[in-house]
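Shared between the two complexes below is chain A, which pairs with chain B and chain C, respectively.
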Partner chain A sequence: MEGAHRPGPFASASAWIVAIYLVLPISIVIPVSMTDQRFLSLPQETLSLRHYATVLGSAEWLGSIAQSFWIAVASTLIAVVAGTLCAIGCWRISRRSTDLIRALMLLPIIIPSIVYAIGLYRYFARLDLLDRFAGVAIAHGVTGIPYVVITVSTALAAFDPRLEQAARGMGASLLQTLRWVILPRIAPGIASGAIFAFIHSWDELVIVLFIASRDVFTLPRRIWDGINENLDPAMAAVAVLLVLFTLLLLLLDLALRRRRDAR
Partner chain B sequence: MSAAGHALALQGLTKRYGTFTAVDDVSLKVESGQFLTLLGPSGSGKTTILMCIAGFVAPTAGAVLLDGRDITALPPEKRDFGMVFQGYALFPHMTVAENVAFPLRVRRMGTAERAEKVRAALDLVQLDRFAERRPSQLSGGQQQRVALARALVFDPALLLLDEPLSALDKKLRAELQEELKALHRRVGRTFVNVTHDQEEALSLSDRVAILNHGKLVQEGAPTALYDRPRTRFVADFLGKSNFLHAAVQQGGAEAMQLAIGATPLVQRILPGAPHPAPGTKLLLSLRPEKIALLADGETADNMVEGRIATWSYLGAGFGLSVATQDLGMLRVTLPSWGAPIAPAEGLAIRLGWSASASVPVEEDAA
Partner chain C sequence: MAPAGQRQTGWWLLILPAFLLMTAFYVAPIAQVLAISFTEPQPGLGNYERLFTSESVQRVIGTTLRICTITTALALLLGYVLAYRIALAEARARRWWILVVLVPLWISVLVRAFAWVTLLRRQGLVNQALMESGLVAEPLQLVWNEFGIVVGMVHYMVPYAVLPMLASMREIDPRLLAAARGLGAPRQTVFARIFLPLSLPGLIAAGVLVFIFSLGFYITPAILGGGKTLMVAEWIGLQILDLIRWGLGTMMATVLVVTILATLAVFSRVVDLRRVFGSGA
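Coming up: the complex of A and B.
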């Protein structure tokens, strides 16, 4: 009775191959991070957690983690506010010109980030934002907007426009309608967008390479430098921590979606 | 606000979408405390008129007057009207109580007073037990009543209803019609209701406005509209009707002699109605229930013989199609209880109706 349409063996096999292809490079990092050797390699005799201890005991690594975290928080804030307002504005006005604006807002994920980074570098030099916390937060915030615009626009597409009319008909101002009717309805979409914007900033490297040098040294940047300079297995440990954290955020997103769909 | 409802007037209201005219020069008056229904087939412009009154649609021409004041340009949130949308438009993320409290919250009413009013409004629609539920956990009829409570809670002087009962099944609809009517009597507010259900319009309203192709065809009390339709469209849309093409033979002060083929007819002339000259062609509307079955020897102003072509049992009555020589097929309904005949196809019967049963109507402009 259940599962009237089961996938055929070919479809199942392809799905598994793709899944393994996606997961394998990530899973190789886990044993490497627990190596007992002093260079990037698979464990020889025993599993060891000492590289994790190194990372968590190092002021440099911890500093980078904290910096990455706060940059991600700030840029998420920027992306969520700007992206949500843009999506709501486009939805309310809803003309052909707003479709164009929505498309423009997606540019940061369409244009190769290296091109974007070069452009930013030129402007930020003039604005004295190079190698600044604010500079990186703004850059990550702006490039995070597309994720929010996409998720919020999707949430708005499912929003019944008569609810807005009803609210206004009952005397609610635009702001009250926004706060009490529209935002609560699209909150799950905003949360999803925020999570993606956070992840985007959390593991962004290319832009950081261009617009930061010494004072701002994010986690991906430190991994990058570590891999280029010495093959310390601590990198693998950091990578695992990074993956775990991202996984946690994705699970949170999944849980939020579940809760919304259950309603 | 005020103790009584608002008086509302539409003056030459017109709404065009490009070259298409959705509402065409509609002028209407609703007195304070009246229940007006806008009735018309799908696409006749009912919702558009209601949206113009509510302020969501800006009319191309004409004005909306509230107690004599022009409010055409006033934004919807400033109008203070209660509104029940088609499909209710309840806020799904709020409980029933929060939904009903919304207009009060918007008006920054204190918590205690708010709770008091919400309870009273839910009592009014008999939903006090469901205050903590979400709209998705209610039946269609209950949701409809929440929408009503929400529209009434801030005591609006004018309540707008867009097909509030259309989503309900027949029995529930009848029940809620009763409730709506009682509610209107209790709160004494002005109601403007939209429907395409003619029974609902007749049973609820003080006045009915009939629309077709964006134009106001006729407006008046339900009985006046039913008994004295002005045009063929009104007669046909509001209930059922036979249409007879007759020629005037001879005029008179109170009645005129007509004929269809060899069948003579008598038609009463209503006070103030025109007296057509002999030879004029008239279109008559004759309701099926105003035709009676004549017993042997019984007479009436108008009499015709025919045979039952088809018949059906409708519970409360019989619906007959009677083939006649000159008048063509006549639809007749008879009460089934105590009917003097047992209908059968081919049965020869005599029909009769009084001179005031039929009314002359105009052919509609195409």
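Coming up: the complex of A and C.
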């Protein structure tokens, strides 16, 4: 657009400074992870990948990575199924009561995890779910529901309700309508929700600190112990691998969104 | 109307799994926290009395409110600068600027705290650089105090500040700004008289959001505070895990939840959580 109002030099310069503040500290872990020294520092003489070798050759780190991955998969499954169905139900019924239900589903984002974590610590002790794969998967699944409800609701807002009415009018059952009319149209929204629910579980630490101790020792938990006990360059290597993984998931999400917008 | 009623039942059934999961595994544990605060160690309001009598309880609340206020103010300032730039950018550049916000938003909070420790600790990169350049003789105490907490928390919160502000800034009609410029208003006047007032709802929404997120923050303050500066969340964890004082811990947790919900209720008309995450990209 010609003659559009563009930011002035001062606004641009300050925005650059903020951008550098946001991105630079995170990227510092890349050179540090390739240091040739035994302690956290920038590379002195050569670049070295030995700290990556340490991490990828350690049964403990690999075990935690696998455990985190499977917990994230299980909890994403819970969050996606429950969250998607709930968002569709709320969208279709759309009354005051469903607005309340949607608000209820957002609680895990609003209420600090520490409050949930201490509650769960006591609650799971009675159900014998402490330090269990199932316990952590349920906790992450339930707290992942909001991300799915939000993205699916956004996708549904762009969906023409008359399509659903037409399908039902022509005799399709509720399940058929779901399977053939609604779900295909909101698939990108569901995928976005799944990615966010996955990242949520993959990165989650506070709940894990309280409801898991020995048998379940996720990646964030191992990083936490590493930061508190021995700050060595292997931690930086783990951090870089984590950042790369998150970036990959985000790019996947952006690609999905672009495809949806192009439609 | 029987078939219509039946149809509705079907849709309600879709809501059921999420509702049951949420009630059994989210609401119930939280309700238990609220209940314990009134029943342990003995039934009554004894735990809440500590809000008025215990100096350590008051100190933690004071520290938390101070750090959260500073964090919110700084995150709003930095976030506004970024959101302003993004809102006025061309479509192509905008995509890159949004990535600058989204990438940190989704990178693990642990990784970010670790990066700050690497930079700010005594033998860290910042102190090394300062010493080598001769600017300081002694390493500065940049972390394991309130300064470190604020640096890390602001870093975490800026993206959360940007998203609601950006959503509201993008609703501002760009023709208004172009018209004001065309009529001869200098840049500062366009900003102060048109852009700023119109972006105010987003600014308030962002402020509320960042403030309530900061209140219950655990990981960043725990790592960058080094156990010396306690905020509410870490203090609650300490009561439960190390001191086994459930009554006191759950009391503080209840106060935290009530404060957050009350703040949200007051500002419910300007804060739309769905918009924050829905407009994420």
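In this section, the second predicted complex is superposed on the first by the 251 of 263 C-alpha atoms of A that agree within 3 Å, B and C clash if a C-alpha of one lies under 4 Å from a C-alpha of the other, contacts with A are read in each partner's own complex, and residues count from 1 in each chain.
The rule is simple: contacts are C-beta pairs under 8 Å (C-beta built on N, C-alpha and C of every residue); 3 or more make two chains touch, one makes a residue touch a chain.
Every value quoted in this text rests on a predicted model; they were computed, and no experiment measured them.
When both complexes are superposed on chain A, chain B and chain C sit side by side without a clash. When the shared chain is aligned, chain B comes close enough to touch A:180, but chain C does not. Of the two partner chains placed around the shared chain by superposition, chain B and chain C are both touched by A:168. Looking at the shared chain after the overlay, A:70 reaches neither chain B nor chain C.
When chain B and chain C are set side by side, the one touching more residues of chain A is C. Of the two partner chains, chain C is the only one touched by A:253; chain B is not. In the superposition on chain A, contact is made by A:160 with chain B only, not with chain C. Here the smallest spacing between CA atoms of chain B and those of chain C, following superposition, is 5 Å.
In the three-chain superposition model, chain A touches both chain B and chain C at residues 168. Residues 7-8, 10-15, 17-19, 21-22, 25-33, 36, 78-79, 81-82, 84-86, 88-89, 97, 100-104, 106-119, 121, 123-125, 155, 158-159, 174, 177-178, 180-182, 187, 190, 212, 215-219, 223, 233, 236-237, 240-241, 246, 249-250, 253, 256-257, 260-261, 264, 273-274, 277-278, 281 of chain C touch chain A in their complex. Interface residues of chain A facing chain C in the complex, by the touch rule stated above, are 1, 3-8, 11-12, 14-15, 18-19, 21-23, 25-26, 28-29, 32, 39-42, 78, 81-83, 85-86, 88-90, 92-93, 98, 101, 104-123, 138-139, 141-143, 145, 147, 149-151, 153-154, 168, 174, 196, 199, 202-203, 205-206, 209-210, 220, 223-224, 227-228, 231, 235-236, 239, 242-243, 246-247, 249-250, 253-254, 257. By the touch rule above, chain A contacts chain B in their complex via residues 160, 162-163, 165-173, 176, 180-181, 184-185, 263.
Contacts from chain B toward chain A in the complex involve residues 54-56, 75-83, 85, 87, 89, 91-93, 102-103, 105-107, 134, 136, 150-151, 154.
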